[in-house]
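Okay, so subunit A shows up in both of these, paired with subunit B first and subunit C after.
Here is the complex of A and B:
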């Protein structure tokens, strides 16, 4: 390609380069040649370089094709059906040229009937290959092979790109005469269903999603046996072409949100997607907000409840997390556990988490504010203790608090990065440093330790790790403000957070739902966990066309 | 702009704009101007405010949900309106600024005697700008949350159950005011309600059905909070004490002792930062609406920036608390007049337009 370009340094290099890529296919104008045969919407439109395929465009065709499919593997087949910008004809030679220098590409031919199969050796299931391809095609005649290829499992590949993606997603491409077929032979790669380590519950199912999207979708189907559960496959990432599956329940989810999610996923032009938490940052309404805007969870039961509540769920291949959209701020404070306990306990837990949130955000900052500017707020009985413990500390409360908060964050981060066994050591060392030594050395006061420790503990009460991390971060500006302007600064900080939160939208719906816009019915399943008989409606945020979820009478 | 404010949010907006720093001196103002059992006078004045809201409601009916600007522009040439818009905008941002400045000056007095009040004011103005650029729908959401932060503080009133005595109310009705009764005295009390006229400008932004339900509910809520606080103050302090104390509510709250916290006025007064910020933002929003009408082609966020810059300038003018109070009182008197006159004039125009020919309502919401 580069040769051709440099060789034909004609008057307009652009068209030369363009032509060069079709060079070895002969002189035929590419778009004209392929337009009639293309079945994909985006095929004729994208006449750019062959590799620079708009994943989103290709995905649209695949997506609509797979809607309603039931087998989890259908995503792959359809992902393979994506093709755009066909420039070279689909021949064995061209296909092999695309994959030159690829040691794991294998092909197998059957001399008796001239059938050849090409596949990536490590992507496919060898057993399936044997049963669906090797065994039936060995020693059969041309005619028989033709009949065999009429089976539904063989899907026609129309373009070179189509075939290339099929191979990349784990299919074999079977050539017979001038025709090519795709045969899905995907092998399940990665760990199988395991317990999630980030979101554990005491009572309730212990399985968690894994990196393998096939397993995840199977898990979902197993829990939600409804033909209304729709799965739409898209490919996201210019280079990685990561498979992303949008799922929703037809008739419960609002199509507007489904449309918005799909549209945003299609508009992603990013080279690589590795994780659901990364994906959400590319599609959320407010990328500069410090709060996560979509609930991301590894728990299948949670995801099922989101789906039945009318939300749209996104799975990303290679990520054990699934995204639920639209989400509200308070959704991050709920856990499946709440529903598995008696409703009184569930309610208490929810309130506890909100208290935890308040403590995390405000406790240390309030300590700094009070001990710097508002000593009169401390009752005199407590004041004696406090001054005694503060008297050894040479720093102003602001430095004292920042010192301890940073230490705690260091310990947490170190604990998170280290293997569990060493992590325990860190915990013990940290406990001693923070607990006793810091006070005895005159670095901090006892009361501050209580404030810092309780706000750290409180932050871990929040079930969503991402949200808990965001909340821990916003403590620091608040501590600063409290250290500079006391309560006034603290309130200014809180006002800023409130204003910021009010401005956040989530797929166009309010992030602060159900406080603003206010919906008292939703409060029953937000701040408290009402008894099931009272949870009669789906959340107002999702604008479900089917609002009622509980038709039982008491 | 896709969604409209519903009644709840309108109610919270009304509460938050009416509730501001003046509430801390309210029991004194009442004792000075109306005398004993001033809460009865307050209820009467609240009824007058209701009448004013009724006027706005009537305009809403007659004007068929058109925005006040549309109605005005249909009958009055733009050349005349433009300076009026600018004047109103300056006036409204002045009110907001004076309210906030007074709050900041009191805060300075209470907690930060050596901090420059203008510095604290800059913080508030920055927040106001941040909120103002988010549009009225998001302002409504923020007001709702601010409401939940602020108004429950009134529930501390029940803390005083033990010390509260009915006999401190005295059997006299509206006696003992420092200057006797005059229009000016009653007007001074009335100014604590100023702000409800924002409902006039909310017309195109709220759901027409629930708008006035929200407005009336919001105003009743404010009145009940006021009455609750006044009744507590009247039964807790003696009448003479009320007249002597500058900010009786501050004294009232400083009496509270919780096991972990004392001197709660530090916290509660700081919480009122939200309601004063709300006043600045909401008056600023009214000013913004007027300015948008005067300069429809202004760049995005430019008018908001100008308003907040103006607010910084205006807010820096009152240097001491006494000046600030006098200035605030003057603008509030004027605003009271505007609150009555504006809907009245608009109503006349709307009636005139409805009679003359069938009005052609502009489609869509005005910017």
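Here is the complex of A and C:
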């Protein structure tokens, strides 16, 4: 039966306690009960446990879940209900049958007392196995073994399915007589915490999330020591059963958004989830939009600020990225760096990014439209130079621009795919070839090189890689429109983008917040980074029940 | 889902429209265009046929530096000339980069509005195109190359711009010209240029009655005209005052700031120009950086004396200038606008302002102050 975490009352140390509590959370496809999640810190652990189990039982009994499908390959966090359909008794034989042809499944029995443990060999920590199972149970009598199994680290497994999940998530299932217990022995797998490569900052913490959700939650808890920080675990992916943890701060996050997020996560019927960026595309409001709709970041400090701003954060096991929801378009242009600089500098940086956005979207398109249609707009001196360099080019500006933009994108993509050392070579070779030779060969004009290069550079100013890729993509239709209709086409394109952006919702809230709906107080923390004394309220988009953020100024 | 489909259809429609309509767009790819930078308009020399127009255009080339194409033709109108030029030229002639339009004296004396009208009407031509009158033959001036200077078109622009910055000439472009032409209380003005042996030079200010050039203000007097014409904050003026104490006095005022105030007084019923009194008060502040004369400028009493003489000079000279303009029934100062503002519109409509100008009573007072006497203070 699905157990619901609980603070671990075992004799573990603090950090272990944290780790195991979240792990226990995992195997349990705990349906959307937010309340029973661990009230961490281990203070009320003893009383917490039975109560939680009760809650979880009722939850799973009430769970809906689609019927059919074999038990282990069906998830959606409603596995409890599925168990009712085949209803195989939880016995050693059934469990082993479930795992037939599994070379890494091992079991260990203790003949002196008839206790048998079953586990996946590579998923568990051998040392822990020795300390918690092998050592205590070796050579003890039946009676003693029964006593040992009453420890809190042993949790009763009530159904076969429960036991199967427990094993899959790195627990050992211990059979004693007709009873079965789960014992969490998860081994930490993956790289240790290191700097994120996609979102580096100059000043500020350098640690980044990693693929291991245990580490990630530990990072979070270390930064946000609040018992109000809630963590709800769900299993997503019908085959992968990826552990997804929804976190939020109770009293600051709006429960409506928490409910929406968990509900959407639970209704995912997709075979596999490998990444947070993949998960968000399954739960966003506008799957066909070319803009990313949830901020995804690898930075723990950013995630903490999202949580304290009242947003809901989703962690996905196996992904170094965490998702924050709801998000607004302009959030993608902010970086934690902004808050670590003086506010003037932070403000300048934010405005710079907006300028970068405009340049990325419009510069090349504007070049095309001006050289094709609007020669009147070019200053006279520049016009002469432009004509000079254009006069060797055999193509109209539109083809010229598309050609160069494609080349730049090729360079960028090649650089991203190659190992860093070769990537640099590509950059140099590409830079020289594209920069010098293309102009001399009469392939493009040098002003276009400037336009293309500066818009490529400007696109990398945007902190979110996903957003920057989207923006780089929408340049192409704009260039095309500019080449066909000139400035009119450019305006048509921009109007389409604005209309599209205004139509996007994000968990039902406006993506364009705080421009539409207009909220000038929010501008202080969107387009400019106001001094901390002026950042008094949480963003209006999150509809926080506790709006005030800064109580120093009365 | 339905929304999605509508969106897709709309996009499809737009794309196909964009592609299908591509054939009939007015593409103007820069390297296929010839950009007229300067136009000169005049009557053909030696012909009395006033329907013919001699047009010269100057098209700068990107290489070599300062090179340009100069084309001349005789046509009925400016636009017709453009078509004729296009026949000659390997590039399509466009006028979106026009910077200066020049009129010959003969044409200017005949009236230039119909040519200005063509230019203002064309949406590709900006409103900041300089309007210049050439003292002499405009076509010949544009055709010539002045070796020491950049290409003639650019030369004229630079000349007009720098002289305007030092308040030698008033601002004159398509916008100001058509504004002053249509406004009934003011007449347009333009700079005058002429060619000399090796260079071009400013030759004062051309004053227009409606659209015909009637009077010239000499370059020596143009700053005096500017005192009356508008307020400005920078400028330089040389005042060659009459002989006094047996010596020619010469003062050069630099960094001159000038402020004019116009007050109109008239009785309730106006029977003629004599009823209207125009009080112009000029407040002029400047630094004396050059002084040839007997006064000792270190002494403040002598400074006051110099101020007094300058005041007398300004008052006398401006009065002369105004009288000359009155004689020609000209109002480039915009006195009419002030008069119109001082009465009801119905009353203004009844007046024949142009005919009243010669009879207006002008009182010009000047207040000249020396701000500083320069670095040398012994």
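Going forward, the second predicted complex is superposed on the first by the 467 of 554 C-alpha atoms of A that agree within 3 Å, B and C clash if a C-alpha of one lies under 4 Å from a C-alpha of the other, contacts with A are read in each partner's own complex, and residues count from 1 in each chain.
Operating definition for what follows: contacts are C-beta pairs under 8 Å (C-beta built on N, C-alpha and C of every residue); 3 or more make two chains touch, one makes a residue touch a chain.
Source: prediction; values computed, not measured.
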Contacts of A:510 with subunit B and subunit C, given as first, second, both or neither: first
Partner chain(s) touched by A:518 [first = subunit B, second = subunit C, both, neither]: first
First, second, both or neither for A:371, with subunit B first and subunit C second: second
Which of subunit B and subunit C A:390 touches, first, second, both or neither: second
Touched partner set for A:501, first subunit B, second subunit C, both or neither: first
First (subunit B), second (subunit C), both or neither touched by A:488: first
Touched partner set for A:382, first subunit B, second subunit C, both or neither: first
Subunit B versus subunit C as contact partner of A:478, first or second or both or neither: neither
Common interface residues of subunit A - those touching subunit B in one complex and subunit C in the other: 373-374, 376, 378, 380, 485-486, 489, 492
Contact footprint of subunit C on subunit A as seen in their complex: 288, 371-376, 378, 380, 383-388, 390-391, 393, 396-397, 480-481, 484-486, 489, 492
Subunit A partner contacts - residues on subunit B that touch it in the complex: 2-3, 6, 8-9, 107, 111-112, 115, 120, 123-124, 127, 130-131, 134, 138-142, 144-146, 148-149, 257-264, 266-267, 270-271, 273-274, 277
Complex contact set, residues of subunit A against subunit B: 373-374, 376-380, 382, 485-492, 494-496, 498-503, 508, 510, 512, 515-518
Subunit C - residues contacting subunit A, complex: 4, 14, 18-19, 21-22, 25-31, 33, 35, 37, 60-63, 94, 96-97, 99, 124, 126
